[in-house]
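For reference, the structures are reproduced in the following blocks.
Common to both upcoming complexes is subunit A, partnered first by subunit B, then by subunit C.
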Partner chain A sequence: MQKSNQIILQCININKSYELKKGFFGGKIKIDALKNINLNIYSNEILGLVGESGSGKSTLGKIILRLIEPDSGRIIFNNQDITKLSYRDMKKVRTKMQAVFQDPLSSLNPRMRVIDLLREPLKIHTKMTLREIDNEIALTLNQVGINIDDTYKYPHEFSGGQRQRINLARALLLKPEFLVADEPVSSLDVSIQAQILNLFMELQKIYRFSMLFISHDLRVVRHISDRIAVISKGEIVELGETQKIFHQPENEYTKKLISSLPEKHFSH
Partner chain B sequence: MKRNSFLKDVFRRFFIKKVSLVSLIILVLLILASFLAPLIAPYEPDLINVDEILLPPSLKHPFGTDALGRDVFTRVLYGGRISLLVGFIAEGIAILIGIVIGSISGYFGGRIDNFLMRFVDIMLCFPVFFLILSIVAYVDPTIWNIMLILGLTGWMPVARLVRAEFLSLKEREFVLYEKVIGVDNLSIIFKHMLPNALNPVIVSAAFGIAGAILLETSLSFLGLGVQPPTPSWGNILTSGKDMLGVAWWVSFFPGIFILISVLCYNLVGEGLKDALNPKIYE
Partner chain C sequence: MFKVKNLEVSLIKNNKIDRLLVKGVSLKIPDGKIISLVGESGSGKSLTGYSFMRIFPSQNLKITSGKIFFNDIDLISLPEEKIKEFRGRDIFMIPQEPLTALNPVLTIERQLSEIFEVHTNLSKDEIKAQCLKLLELVKIDNPAVRLKSYPHQLSGGQRQRILIAMAVALKPSLIIADEPTTALDVTIQGEILELFLELRKQLNLSILLITHDFGIVKSLSDYIYVMYGGKIVEEGIKEEIFENPLHPYTQGLIDAVPSITSVPKKPLKTIPGYSKISDFYCPFYDRCDLAQANCKREFLFTFINENHGVLCRRVIK
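After this line comes the complex of A and B, so read on.
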């Protein structure tokens, strides 16, 4: 928990709503996915974002990665407003900002060999030769516990845990400063979850990236986060140090969430 | 597990089904025979022989001769060249157009999708056969024009198929990840998404070729397709229709070849559908 005070990513007044058509002739209903979100993420910090499904937590992750455009609001990354950047300028920012998604199999193109999938980010963003790229891949794969000789296979030939290790390695190849992890362990077996979570924490200490860790699982978020933001119906209802959130929750929704956990003893 | 196991599995599953395997073999033989026609055929396709008019099938003329004394077997072989090629190229053009329009429509969505899909709807409103008839009235019915017209009027189902695949693929996380690392749209569409969308296209191609062969045959039958003396299965069939009572063989043999090739393409398509869908076997 060596947190610095330097802000790496700032969300300012983010709003996003979807329009749903009601029937064939009916009018449109506006659904607020995110309402006035303000969030600071400090460098070298793991911020857990927890909420139930439909709370807008994944939408926020996608807006930060600029996969979805917000209706209003700004994202400041490294003191640069990235909300309106052109494709070319955004491409430069993307090397510093990476993502790991929920479904490890769906995250890997089934028609490409794993080695080619790993080479791709380096081919796009660096001028390294193929040999240098493969060296870099071997080093990173080593840190997630995968042998590069195994990567001449297709994604379906790996287990779920291995696939998520591959996804993590791919995200780290560009040495990002900021990582969005969108439910990265929720589709894994419970026995594998802990391994992968620990791997995230280990690598965070080596690479010193900041991370927005999105999950619906309070226990997972508690295990990994320095701070926790609780999101409900598109609004951040409580934000604070992990210990504080668990021991002295202030918001009613947070209290309800915590009391719904099976084990009631929260002291270490 | 072995490497490249996907393609291997497809072949294995395809070969399990004897019907599709036999169909494929017959098709290959038909195509080979047509394209090697100059080597196989006993006569010249246009050789008129007034001494041997309307002879029934015999050892000398296995499929008999037509009203001008030309050998029907020879003409059916040469006609296969045209009919099979027209089917293949016409469907190829249809698939190219369908892929481009369908992938752009599905990937970008919104207004572009709306515009392109309404265009598809409009194209589908025309009864295709009569649309082709009216176009043929304005252009010369050479085989290249016929191929082009069949392709230009046959791409809509392919576009819809590809669009549907792209709609589901673009929500997949590997496509999101390509955006996260800043891959441009064209590479995402053609390098990453298209290979994952091809299975249903391959299957529909097999059915599409069969359809194109039938259309070309119908056009030739009406005298608007490939023009004699160049033989195609359709126009050989037509040339025999007035003497069906006296010389059944002139129409019968090209008809049988149309039947066999269309049937085989459909059966191969059916086999591919199962072979490319691993879920059935798991």
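After this line comes the complex of A and C, so read on.
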């Protein structure tokens, strides 16, 4: 996967803070979730975003998808500033920008059959006929390794790994140029994790989308990413090629993260 | 020394055995050793852990056969009144979700003291001194202040330390730690694992470590049991398991985890299929590339040397 020099997504000076009430009578305290985030993602690139809980990594993913609004800053997608886009204009952008989340079950409406869940994005965003839609679904399902005959079942009838395959298929149906994957393998068993990681890498080669891959798991991020951004307390503390981050980390926090891996930590 | 013999745990429906979830597990935990029980969800590893305490998360789960020896006492045949004395004193289980295991409305001191009140005759002052000592032992800063804190005022790592303090309070013979670091951040994980190693040295504890993370297993354990579908499919000392894994499932699990030495972007080796448990004798039959017709029928757990055993038809000559 050779990354190109074309920037597909740009985060410029993103800030986000939350206010927390302090006790019954106390005042409010401000918590900076993100501080001055500047980040470029190139086309055809997998950028790993790694950090601990509370570091702000998921907040950044959601801001990019415009699921939450930043306090300040801009997001440029395909040379278009999407930060202030109206709901209707944003809808057009969403066909090019999709997401896969951590919990594969809660991402799927439990009352809809899988086939209807998969038809929905194409019904909303395209003018395809039902037959064309079903053809498209069959093609995509084939690529994620789900049998089309199984799609008349409900999400709970699938295993965690299968559900994540369905989520990935749904995200890819609109042929997005950019994907946000927020901890997509964290809730899966080890043997299933590997299958899904392989699937992400395989499909990235076919569809050539760019991806922001958010995870707390350094080993997973190292395996899949071209570049890695390390985030701590709302700030990106280091950004660089995967090899460089692991072999010559510069930031103290990055060094600490890497040395805390069990393999490193206890290698006597 | 703990010894489990042919343990069976079943799901009970309408007073009948509906399904066997732990199917004849046998294992040994020598004094002062860290023993790992590795497996994925549904393998029965946590139920095996619960069996030592004879407490299960659901009333429909019961031990239906087998023995668990603590030295010469069979814990399973003890009446309920008697087993209570062992819980907390000789065996302590740190539950899977350590962060919700503390009572949110009681101070740390109250919760720590309770253990001494129930199991010892110490005076109030003595108990307080013990609590302070415990917090120092698990390396909590400002122990006197922390005793007055409520759980929500502590970080995840500190709460896990409190639970470990509770676990070692009465110097038990065995601590069962169910996924002790899964809920914690990476940088805290290392510190907690180090604490386990240190306490083992200081108190000559035995630890049964239940986990799915081969990284942790590799760094901590003396002896490893791998479970799949309610059965032990492989066991052995660390070197044997990692350098010469014999069961296709163990091999698959080790290969499936990207390590910090693996080649980036290279497709990971995978175990085909989903976590399905086969109805045949070999629980891995449906997912195994090497399965043959005779794997369906019963065969013996075989030791290839004194440090390494496996439940796989292929090693039987």
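Criterion: the second predicted complex is superposed on the first by the 262 of 268 C-alpha atoms of A that agree within 3 Å, B and C clash if a C-alpha of one lies under 4 Å from a C-alpha of the other, contacts with A are read in each partner's own complex, and residues count from 1 in each chain.
Simple rule for what comes next: contacts are C-beta pairs under 8 Å (C-beta built on N, C-alpha and C of every residue); 3 or more make two chains touch, one makes a residue touch a chain.
All values reported here derive from a predicted model rather than from experimental measurement.
Asker: Please determine, from the superposition on subunit A, whether subunit B and subunit C clash or fit.
Answerer: Superposition check on subunit A shows subunit B and subunit C fit without a clash.
Asker: Between the C-alpha centres of subunit B and subunit C, what angle is opened at the C-alpha centre of subunit A, expressed to the nearest 10°?
Answerer: 80
Asker: Looking at subunit A, does subunit B or subunit C touch a larger number of its residues?
Answerer: Ranking subunit B and subunit C by residues of subunit A touched puts C first.
Asker: Taking the superposition on A as described, I'd like to know which of subunit B and subunit C A:127 touches: first, second, both or neither.
Answerer: neither
Asker: On the A-aligned overlay, A:30 touches which partner chain: subunit B = first, subunit C = second, or both, or neither?
Answerer: In the superposition, A:30 contacts neither subunit B nor subunit C.
Asker: With the two complexes superposed on chain A, say which partner A:107 touches: subunit B (first), subunit C (second), both, or neither.
Answerer: Only subunit B is touched by A:107; subunit C is not.
Asker: Classify the contacts of A:192 with the two partner chains as first (subunit B alone), second (subunit C alone), both, or neither.
Answerer: Only subunit C is touched by A:192; subunit B is not.
Asker: Would you sort A:260 into first (subunit B), second (subunit C), both or neither based on which partner it touches?
Answerer: So A:260 only meets subunit C here.
Asker: Thinking of the overlay built on chain A, is A:222 touched by subunit B (first), by subunit C (second), by both, or by neither?
Answerer: So A:222 only meets subunit C here.
Asker: Considering only the touch criterion stated at the top, classify A:246 as touching first (subunit B), second (subunit C), both, or neither.
Answerer: Only subunit C; A:246 stays clear of subunit B.
Asker: Just to confirm the value: shortest Cα separation between subunit B and subunit C in the superposed three-chain model, in whole Å.
Answerer: 9
Asker: Share the list of subunit A residues that count as touching for subunit B in one structure and for subunit C in the other.
Answerer: none
Asker: If we count contacts the way the header does, which residues on subunit A are in touch with subunit C in the complex?
Answerer: The contact residues of subunit A facing subunit C are 1, 52-53, 159, 161-162, 189-195, 197-198, 201-202, 216-220, 222-225, 242-243, 246, 256-267.
Asker: Sort out for me which residues of subunit B touch subunit A in the complex.
Answerer: So the residues of subunit B touching subunit A come out as 1, 3, 5-6, 172-174, 176-177, 179-184, 192, 195-196.
Asker: Taking the complex as given, what residues does subunit C use to touch subunit A?
Answerer: Residue list for subunit C touching subunit A: 40-41, 156, 185-187, 189-190, 193-194, 212-216, 218-220, 252-253, 255-262, 264-265, 267-271, 274-275.
Asker: Along subunit A, where are the residues that touch subunit B in the complex?
Answerer: 62, 65, 67, 87, 90-91, 94-95, 97-99, 101-103, 106-112, 120-121, 124-125, 152-154, 157, 170, 174
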